[in-house]
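Okay, handing you the structure first.
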Amino acid sequence: MKKLINGIDDVLSESLRGFGLAHSDLVEVSLEPRYVARKAKARDGKVALISGGGSGHEPLHAGFVGAGMLDAACPGEVFTSPTPDQMLAAANDVDAGGGILWIVKNYSGDVMNFEMAAEMFDGDSASILTNDDVAVESSLHSQGRRGVAATIAVEKIVGAAAERGDDLDSCRLIGERVNSASGTMGVALTSCTVPAAGKPTFDLGADEIEMGVGIHGEPGRRREKLKPADALVAEMVEAILESAGADEGSEMLAIVNGMGGTPALELYLIFDAVSRECDARGISIARSLVGNYCTSLEMQGFSLTLTRLDGEMRELWDAPVRTAALHW
Amino acid sequence: MKKLINGIDDVLSESLRGFGLAHSDLVEVSLEPRYVARKAKARDGKVALISGGGSGHEPLHAGFVGAGMLDAACPGEVFTSPTPDQMLAAANDVDAGGGILWIVKNYSGDVMNFEMAAEMFDGDSASILTNDDVAVESSLHSQGRRGVAATIAVEKIVGAAAERGDDLDSCRLIGERVNSASGTMGVALTSCTVPAAGKPTFDLGADEIEMGVGIHGEPGRRREKLKPADALVAEMVEAILESAGADEGSEMLAIVNGMGGTPALELYLIFDAVSRECDARGISIARSLVGNYCTSLEMQGFSLTLTRLDGEMRELWDAPVRTAALHW
Amino acid sequence: MTQKLVSRLIEAIANSIIANAEVLTTLDQAIGDGDHGANMRRGAKALKTQCDEISSLEFAAALKKAGTAIVMTVGGASGPLYGSALLGMAKAASGVPKNAKEASVVVRAGIDAVKARGKSDAGAKTMLDVLVPVQSEIESGSSIARIRTVAEESLEATKPMLAKKGRAAFLGERSIGHADPGAKSAALIVHAICDVLEAQ
Amino acid sequence: MTQKLVSRLIEAIANSIIANAEVLTTLDQAIGDGDHGANMRRGAKALKTQCDEISSLEFAAALKKAGTAIVMTVGGASGPLYGSALLGMAKAASGVPKNAKEASVVVRAGIDAVKARGKSDAGAKTMLDVLVPVQSEIESGSSIARIRTVAEESLEATKPMLAKKGRAAFLGERSIGHADPGAKSAALIVHAICDVLEAQ
């Protein structure tokens, strides 16, 4: 395993400390228990948004803490959901009287840990569960779909709603609307390596890809031969629209998300392919992000998220945001 | 070779088209000849900044086109300097009467192609050659040092100077000041693969690194065993300061630059190590960037740039910028 | 008496988990995300650190403190699940169970807490597929040797199962053929407890 | 006459470059950035595309057009260098050189343009280490066979050299032991020209 680290047990603390130093204008970092909170306190009565999850997906979620988006983020160990004490400490820190909205990606660990935190928290709270990954459908089992990159759309849009003064329940509802309007599918060209595991999570042949991969390197739909970018994109757009639904004329937010090890050159090429694919279907891309937003350590590959925007969602997407990873 | 591409010959055009679509609010992309120009024309009389170089280093340079930074960027084939017709077309497009400042990284191909463009251009122009890479010193040969990530500092600071109304010569001088105040050193954990070559540029053993690597995978000072992050950073800071000079109390801009395939988790951990190393030397990091800015396709590794800031440079660094990759 | 037992149990369980962390990781890499070994080791280390403090308490309070330690250090799915098991057992326990019957009641309460927290039951290819049959054996007063066998057999039986809960559930058919990592850690814990009881 | 010669030269040079692109890339991967093959192939293809147009021109004009095509399509270091060579030759040429003496004057003008553009000379482990000795042989009226031998020998002689120009210069000592990619492409061009002249 080749990593830019010192001791394996110190990876997360050192990285968080570096994040706090690099963005000391935007955030404050607590190392014990671990959470990242906005530097500028939100106004009284604002609903506070707290997300979190395993580390290794940076900039998710700490990179989205700041005005217009999250109030706090709780990073767990790499690919491991954080613990309730982190969420509790964050909630007590950022609670501005409007209640806490937990934004949780649908993994059993995250769900259970946030649930325990909510049970322990003295005050109003509600939660949104994101489950946009269309690669693995829920019919076969009872776990439901995985939450992946659409979480960014949820955090941005709900963040803007909270900022304009929406109450806890309205925030939750709009978050659920964004989640339902979204679908994501990912593909891996290479594995990632969890520092504590020391070896790649999975093995792929020199010409193989994992279609539908999860952001922890979980298997997806199938292993197959690498295809041209256009063919990958066509399959992914098809799968997403089949699940998330989109009529001709729909306006979309498109997120072409690098898995961590993919050159920007390729991500923009993928965005070109996505644009052509959407054009051909009479769907327009009204807003977009291209870059590393919800990563899997050093994995090569990408995910595509499409979110059907309505007028309010678009307006909230456009509202100002000031975080380490998104800024307009 | 595993890449998210269609045909090898179309990589650059498709990626540029995608970049243009994703950032249509900021830039206009010409595909024949290839260049990226600001969407909002600069005011009359402003010095126009044009940079360029081989592709594969994204977001460098197209990601830095926009208000407060570059007026145009000319992308060559992957790792190959662009051709004079691109530079000429870009110059004729963005010339606002204040002359053209060519910002060129010190590689013989870039130098010669920009030189030919300058010879062909009808109008005032001057050029800045960046050569911040301290890994390979100039004593042994006559090529001089390589230009790498400090080019970003030059482009940002000179961009702000041009915006406030500095003339061609003042812009050139401040650019040279930034370049002389800067030093960079890189390290590779893995190679990159040029699409047209189809195989990795170099081979590293499972526990080996290339200390002092160039942004095209050129060899550096030596090949050695992977060391802890702190040890890597200590060596790099030492080499940079030895060359760029810094007294106790110096204020620095620090750029921890991912080579393209490095997880953000590790880049922030490196920034923490850099902060500790600078602290120990009584040097303060006044400004910083942590992320992928001057990449080498999918290479894993990073470079560290330190630029000694004076008051004017810091002010120009802080001036507003609105590009795809930098925005404040 | 309680003190010695609790500290022996903590040592035995924690050491077995630490010694087998890589096995758990490998299993989790096959059908999960490769962190089960690191997660469980983190919990084991926390228990060892707090061992003196925990074993100075009454049995029920010790279970509660241990459960809280697990919840606050492990994370992932296994943290709240094993943590809830201990917290559930704490609620049901008064003193150290005096016989198999009493022990089985306490263990059942722990398992019920896992089911409630995980919204699951045996048959979904999880730790419950070891915990549930083991509890039955305790309830029917089986020998320690028999309990060990059942733990191994039910671990083995998770291989052909289709995962319906946890990360492995995302694999669908591809989860078949691998043992569940949580079932393996549960079996390790059962064996460690058996070791301590046999040495009494 | 000119027309046929020019188009034969273009075909021979371009085909040899295209056939050997991978060899050039491999050499450039060892001591450069691995694009010399792709760069030269791009130039070769541009020449083939424009072959009819170029060969319809007078010899000097053809050289100029070919040089411009190279400058505008190749990029990298080799683009401006080979382009400048052709543009330099264009300035010195009137018609097709009628003998070795005339040819050597034109070639020398091309080489001087390369030296000026690259601020370099023979001895720095570049294409000049093949071009300069080959020009000397032409100047002294050597046979085609001798010119071929010198091209090979001087290419071989770049191996032990320490690079002082181009990307390879950044390697310092580590550039020793590998032939220079630009020297190889220069040798290929020399052989291709020899092929055409021998077939006349």
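Here the chain labels run A, B, C and D in written order, and each chain numbers its own residues starting at 1.
As a working rule, a contact is a pair of C-beta atoms (placed from the backbone, for glycine too) under 8 Å apart; a residue touches a chain by one contact, two chains touch by 3 or more.
Keep in mind it's a predicted model, so treat the numbers as computed, not measured.
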Problem - Number of steps on the shortest touching-chain route linking chain B and chain C - result: 2
Completion exercise
Hopping only between chains that touch, the fewest steps from chain A to chain C number 1
Fill in the blank from the handout: Chain-centre distance (mean CA atoms) for chain A and chain B, in whole Å, is 29
Handout entry: Centre distance in Å when chain B and chain D are each reduced to the mean of their C-alpha atoms
Key = 31
Exercise for the section: State, to the nearest whole Å, the distance from the C-alpha centre of chain A to the C-alpha centre of chain D. Expected result: 53
Practice task
Let me have the rounded angstrom distance from the C-alpha centre of chain C over to the C-alpha centre of chain D, please.
Solution key: 74
Practice task
Name the residues of chain B that each touch 2 or more other chains.
Solution key: 78
Handout entry: All pairs of touching chains, each written as two labels joined by a dash
Key = A-B, A-C, B-D
Exercise for the section: In the complex, go through chain A and note every residue touching chain B. Expected result: 2-7, 11-12, 14-19, 21-22, 55-56, 58-59, 63, 78, 189-190, 206-207, 209, 226, 228-230, 232, 260-273, 275, 285, 288, 290, 292, 295, 297-298, 300-302, 327-328
Handout entry: Of all residues in chain C, those that touch chain A in their complex
Key = 25, 29, 32-35, 37-39, 42, 71-81, 83, 117-120, 124, 162-167, 169-172, 174
Handout entry: Residue ranges of chain B in contact with chain D within the complex
Key = 54, 76-85, 107-109, 112-113, 115-116, 136, 140-143, 146, 194, 196-197, 199, 201-202, 214, 216-219
